[in-house]
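Two complexes are shown next, each including subunit A; its partner changes from subunit B in the first to subunit C in the second.
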Partner chain A sequence: MDARRPPRAVIDPKVRTVGFFTPPDPIQFDSNSLSPVMIPPPCHSSENLDLHSPPSVTPPSGDESVSVTGSYNGSSSELFPAPMSPALSQKIVAGDGGVGGGIVASSFPRGGGVPVCKLTTVSVVNTDSFAFDERDKPNKGGGSSMEVKDQAMNSKQKNEKSSKAERRALQEAQRAAKAAAKAEGNKATGTVTSGNLKSAKATKPPQKVDNTSVAASEKKGVDRPSEKDRKKDVPHPRMQYDDKSRVEKAKRRAVVNHTESRNRVELFRHLPQYEHGSQLPDLEAKFFQLEPVHPSVYKVGLQYLSGDISGGNARCIAMLQAFQDAIKDYTVPPEKTLVRDLTAKISSYVSFLIECRPLSISMGNAIRFLKSQIAKLPLTLSESESKTSLQSDIERFIYEKIILADKVIVEHAVTKIRDGDVLLTYGSSSAVEMILLRAHELGKQFQVVVVDSRPSLKGKLLLRRLVEKGLTCTYTHINAVSFIMHEVTRVFLGASSVLSNGTVYSGVGTASVAMVAHAFHVPVIVCCEAFKFHERVQLDSICSNELGDPDVISKVSGRGDVNHLDAWANAENLQLLNLIYDATPSDYVSIIVTDYGMIPPTSVPVVVREYSREQVWI
Partner chain B sequence: METEAPSMENPKISAYYQTRLAHFGVVSTEWLAQAQSATNPNPPLPSSSTNSHTDKDTNFSVIDEFNRWRNHPDLAEAVAAIRALAAVISASKASTMMQLEIELKNASDTLKAWDTTSISLTAASDLFMRYVTRTSALEFEDFNSAKARLIERADKFGEISYKARKIIGMLSQDFIFDGCTILVHGFSRVVFEVLKLAAHNKKRFRVFCTEGRPDRTGLRLSNDLAKLDVPVKLVIDSAVAYTMDEVDLVLVGADGVVESGGIINMMGTYQIALVAKSMNKPVYVAAESYKFARHYPLDQKDLAPALRPVDFGVPIPSKVEVECSARDYTPPQYLTLLFTDLGVLTPSVVSDELIQLYL
Partner chain C sequence: MLFLLMYLFIDLDASKIEGSQATAKQAAELLRSVISQQRLPQTHQATALISAVRAVGEKLIAANPVELAVGNIVRRVLHIIREEDLSLATAAIDGLELSAVSDDEDDVERDDYPVLSAAAVAAAARSTLRPPSLQTLLEDTPISAAIPHTSSSGGDSEGKSRSVDKSSRGRKLKHDVIEAVNELIQDISTCYEQIAEQAVEHIHQNEVILTLGSSKTVLEFLCAAKEKKRSFKVFVAEGAPRYQGHLLAKELAARGLQTTVITDSAVFAMISRVNMVIVGAHAVMANGGVIAPVGLNMVALAAQRHAVPFVVLAGSHKLCPLYPHNPEVLLNELRSPSELLDFGEFSDCMDSASGGSLHVVNPTFDYVPPKLVSLFITDTGGHNPSYMYRLIADYYSADDLVVKRRPATTS
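Up next is the complex of A and B:
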């Protein structure tokens, strides 16, 4: 998108490099763990221009976020889930409002309150916003999003600048003393994160990240906390960011203290990346202090953060069940309507969850369903009736769309397995595992090849479960996939989501496996429940993705002698990239098995259309 | 094996393809005996065994009916199936809609089991069942009038099928331009209709007809085309690539159109489509919409096997295996357009139509 590309004029061509290089700009290498390419305080272009000096640029997270939040104001309430706060404002730019907005939102930071934000920011984007350059040629990543952000920021927060520097300095000091920072942050309870994500359309976190994140990410390092703070401020969807005090408060009250990593890959600067390892203990300590976030939701958030729950269906079900609990304990505050207040509360929970880990597309769809169910509640129902109705809706959604859907998928897919087949699967997909086990139960004779890859090595768990049930399995690493593919007769893959142009969005490595299979004329069967389909279109794996912890790349478990990369963070020209998702083009996919039956990849928009027509989503 | 009664006793021999052979193949003296046994007196055998399945009506057998209709050379298999099911309705002694539906379901399952290889049969029965269940949910409180309406609709289906061919003929006229050369494979009544209409419209074109072994349907088709004064050239199956240079478009029919948008047709179609695609010649398929089926083959072996005996003219030692499959699957990427009574469609629309119809 154009929005992502910073205007050339503002960037110094000599210093700017494209792709995976960070500019050699010595912005700040402070110990504050802020990325050297941190973007200068978000606000206005004018402000940015003023901030040429690195010091001003270095954003202690607090500072930046504060400024950022200020600019966002109105529109951005949804802005971001924690990581990307700045980005959020940007995203709005594109939105069309309403559904379109939602969709647009996806490209931008998640969160969302799309409609409002976009309008203001678009035009401004290009020129000034990219004042950042001076900071550190953030260029690429930020691109338009940043610009937009800037705009938003600029317009909103002129006054922030003056105090920003001061605040920033103060924040820096605080950040340096992490404990101090935490102490302050702890006050926030957690609303910050939820507050951040007020966006109505929290459903599309990953996508949103792009544009806005770009901008956001740059600026964000510091901004994020402030955004979070802002979000947490109130459980209401649109945070008013021009209120400085609020921003500051929000920042202080950030639930999850995110610190931006250093050495970020330039091409992916639009995606949030934090240093892992510090957040979980932080949050655990705060468990009993949170008031705005329901304990079940908090627990689920912690589980996401620690990686205890992973996998599309598991995360979705855990989140929905946490929401069920939250709804059960919910009471309408006086003088507020259930529909609005509950929606706001859910949005705040979603913000919190996004802070812990960006939402997957299926989770976004589920949240959209829940919000539409809340909106459709008849006003005549009493509070307890509404609550029970919502709880049963969630129950029904989980049962019909996930559990039953899986059963239907299994029944369809086992017809494609014949005796003597050699089936290949990659990673660990719950749907594929069920299919293999069921085919084995039916007595079919086949062999399985499990392909795995670092750093997550999820295939090992799948392998263990299959071998326990008596299947004949082979285990190999993804490097060998072209070596064994000539023996394979079918490839079964799972998906995190399938997009409208037939692109399969799944765990990183899936695209490679599908491509090799296609080259060997092996049919590729993708198994995905229909609720994971999305009307978005994505052409590459870059504009919307999730970045994981880069440290796991440098460490090989069980091999202490492989420690060459232990000090990778100190090397200026080395960046580690740990992508979580990738996009497989529809040409490589032969058939998609869903609970709607077996369909070709070209029919995904038809299913999406039928779904919405049947009011399934609602 | 050739002289055995088909279908019931030897389920591997596809009754569908035997019928087509009987209708359109060149019947040589060696084949005559087979053809006779294939088409005629078997109904008594299947009927007696299937009668036990279709309980309620002791004297009525859906297979009987089906065979009776099937033998009309001009009637599509699907229409025969639907007429048979309509006969089931009229002979039925059910008194409620549910009962009738159950009877129909049984009859339809029997038909499908009798010939597992015919896709248009399965598709048409499914279509009819779907139509029945949909309309039964609607207005008619009076059971008899509902029944009458169903029968009337079933009878109309034959007309619909016939009209479908006409519509397809008209739609395809735009694609046949003056001076073009058309390659045709297999004897499809729809394709013949298209060519007949083009000839009637005084278009100047010529046709390359593949021989279509082992049925040698090409001979019959070339005969019929010559009667229409269309310049025809017979090419043996192996000469398709050789002559593909001179061809402007390839036109085939389909035994079934599957969910991926690909087609199942007489053996050799896949080969021709591959050659045409590599030489950038468009491949058009003329098929009625009731042939859309909810199958999804991933490769050639994913189809239910439909075998037909191949006669090489000389005795083959028994140690030598013979590939006797009668049909193949052409994936959608090799097809350019489908001419159907719903309009001129691209292969990806097939799934769209199926989803709308069945979901």
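Up next is the complex of A and C:
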């Protein structure tokens, strides 16, 4: 996307149909077909379209900022022809309905008269978030300062792209707008949001919005700290378990009693290798002694430990809901501030959960979000207000980033299934399962090959659910994958995380399946919600991984005859290794389906860079 | 003998015999007894033996066409008969040339070949597929030149009685063949040792080796290196759904090797830390492709990705002279689904109302194409995949490649 191109006139009806863009036809959206490759999120589905179906493009009024918008329309429509069609593109609501020129950038059109509270730049996910907005009202007072900052960060990169002259022109406009906004003060947002129901809507491209806020934030000097932030954002080196002093320290703090397993695998000394199975009764007994852990968190921890909850999304949702409960029951201790104390509390919960089972990357992202939400709580809010705001934030995260994201992914991925296809999937991914069921609902004729592997045998559970729904399935184990791959036309894989070098970090075996598919020239489609993306990089599966219970390897369920390893712990030279994850190199992946559309693995860092801010800020 | 035959058929059918080595050995023993019990006619002894072995061999192969070792052994035995026959003939010719007295012996011998001509003998010489070295060229020419002379001279001395002579020659052929088959059996049972002897040349200190499933050859190979005081680590992938890897790991650990059992799915994750993949094979095809336990194609691909040498150990009885066509399907065997799913596990959700259906695929073998194999180690040394066709040609005669065809055309 080259923004330096001179802005084109809006009149041009055939706005660049090059590449993967769908024609800018609003009917397209109603019929649910999405432009697949756009990174700027396309419209979700028809569910929210009714809110803003008739694009009400008002001619630019005399307002300065609006006129700038007009000049920008051309370039924007050139950049985002389809999904950013007037109905969907962002709108700036010039609050001229008695609010005194305050300009509020909003992420979603408010045709339905839903007030805005928090703003994100381009996420259409937010379009669906109006349901939460009403609950968010108490939080609104503090919202405005954050909005501006948020956009500053979001738009920074985009701003760099636009030419100097354009920027200067914009800055002029924005300065004026900013001055007005400043005059309004904190209260402005509140009034604007209520007032903007009647306000004239101006269709504005995202660039415009960004630039406005950037200019605003530049003045404030928010820009420079963001540079610092970025440095801070480099993920911390993780705990290395071969570092004796740190392990000792961690042990002293630990709640869960871990006994180190006897036959440790030398290569994985940097990862915790504990005996499994012994902690559960121990922990259960400890329940009444452990004061600091909230019962729901405790329950979730036990469920992680026993393996009752597995799968990235399920674990993440369970954790967030437990935190929600914990926040609900939380009271600020005397002489402490909510922000600090609650953060500490959450941290202690998190370390408890880590002791039960190491966090997945998606959970790490969710925790990061929650902590930033806590940190951003304005001091003016009362305790109960902060609590409700946090709870609704969590709920919104679950809804937008997981549930809605999955829906979008399903809608995208279903377009890749054709009649007569033989689809292969490995293990059990909730996203892939939804895709398969949706395609079946749509009446597509296809077969599914479920590949499974020991020791988890999650594929069996998936197979059961699919067969119950009436799909035609083939079941096999991972060793036979090159046997069955001859017949397969598409491979759908889930992922625990996608790292910014395009590596897909997923359940162990995924890499092998992707490799075999690659060797047989079968396209590999990875389905992963964008909140699971992470800026870390990884080249192999050894530096960072999780080790499961080695005992399950020695026991083969349903096969009494395989008992050669029953006394493995007594054999001196024998170790069992139960890896949980592996890293699929990006060249095996044909496409990654996320809630922002279908992207090649090379675009992952772009998504991480452009949207990780937004994730934190929602 | 019939009992033995029946026994082997049943075993082959039910795949009771584990491993191609045991199968090969049994097949060879069976053929030995077939040869020893075969009554040889006065003339056409070699032909009679060959057709007898062919008849049994055909049945053996039909009992389990996927078990290529049986076919290999049948072909090897046929080749042995031909070779012994030829060497007797050449010995006779040599004797004839030297003394020029007892030409009749040679006559009997030549009866195998309907047309007694230089071309026939040349064809016979070619069938042994000896390398066309300068020495053989020099050796062969006088023989073929001598033949027209012997045949023409032998024609007139037909009427003489040579019964004593003949019976002794018949016994000699049979005896030689049985000796050679014994040698073959010996070779099959000691092929481990010969392969294992080469272990030190390939495994050095602190190496990390990965293998999948279980193979006796691999076990002996690794242990041989261990005995030579090399210390190295072994990753064993368990090899679902038979989990032979557990057995191998237990054995290796008992013999003092640092062994780590991993799941099959973790092969790709671990291969980046592996120095060498050493696996056994079910059969080696003439193009250098390998019919191997299921899962090895995946391992080979992963090894190729990380430039890890993929070494296949194979005794000479596993070298198959055939070129594979669609080996994943045609040279495979689908085992029972019970190894993956319990009986009735899914019967509750298989009601016809929903229309869903479930297939379970459980193949036994994988085909590893030659480009993924770095090295073959056989009892005769290490070889490139591209050289296998030549190595294989040493063991088989071209006439026997298709065991089935000849009886069909003659009968």
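Rule of thumb we're sticking to: the second predicted complex is superposed on the first by the 358 of 618 C-alpha atoms of A that agree within 3 Å, B and C clash if a C-alpha of one lies under 4 Å from a C-alpha of the other, contacts with A are read in each partner's own complex, and residues count from 1 in each chain.
Going forward, a residue touches a chain if its C-beta (ideal position, glycine included) is under 8 Å from a C-beta of that chain, and two chains touch if they have at least 3 such contacts.
None of the values given here were measured: they were computed from a predicted structure.
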Joint occupancy of subunit A by subunit B and subunit C, clash or fit: fit
Dominant toucher of subunit A (residue count), subunit B or subunit C: C
First (subunit B), second (subunit C), both or neither touched by A:G558: second
Which superposed partner A:K469 touches (first subunit B, second subunit C, both, neither): second
Contacts of A:K416 with subunit B and subunit C, given as first, second, both or neither: first
Partner chain(s) touched by A:N573 [first = subunit B, second = subunit C, both, neither]: second
Subunit B versus subunit C as contact partner of A:G597, first or second or both or neither: first
Touched partner set for A:S430, first subunit B, second subunit C, both or neither: neither
Partner chain(s) touched by A:E610 [first = subunit B, second = subunit C, both, neither]: first
CA minimum distance (subunit B, subunit C), superposed complexes, angstrom: 18
Complex interface listing, subunit B residues touching subunit A: 259-261, 294, 296, 298-299, 301-302, 332, 348, 351-352, 355-356, 358-359
Subunit B-touching residues of subunit A, taken from the complex the two chains share: 416, 418, 490, 523, 525, 590-591, 596-600, 602-603, 606-607, 610
Parts of subunit A lying in touch with subunit C, wherever the complex brings them together: 265-267, 452-455, 460, 463-464, 466-484, 486, 508-509, 511-512, 515-516, 519, 540-542, 545, 553-554, 556, 558-559, 562, 564-565, 568, 571-579, 581-583, 585
Subunit C residues touching subunit A - in the complex, by the definition given at the top: 233, 235, 238-241, 243, 246-247, 249-250, 252-254, 256-270, 272-273, 294-295, 297-298, 301-302, 305, 328, 332, 339-342, 345-346, 349-350, 354-363, 366
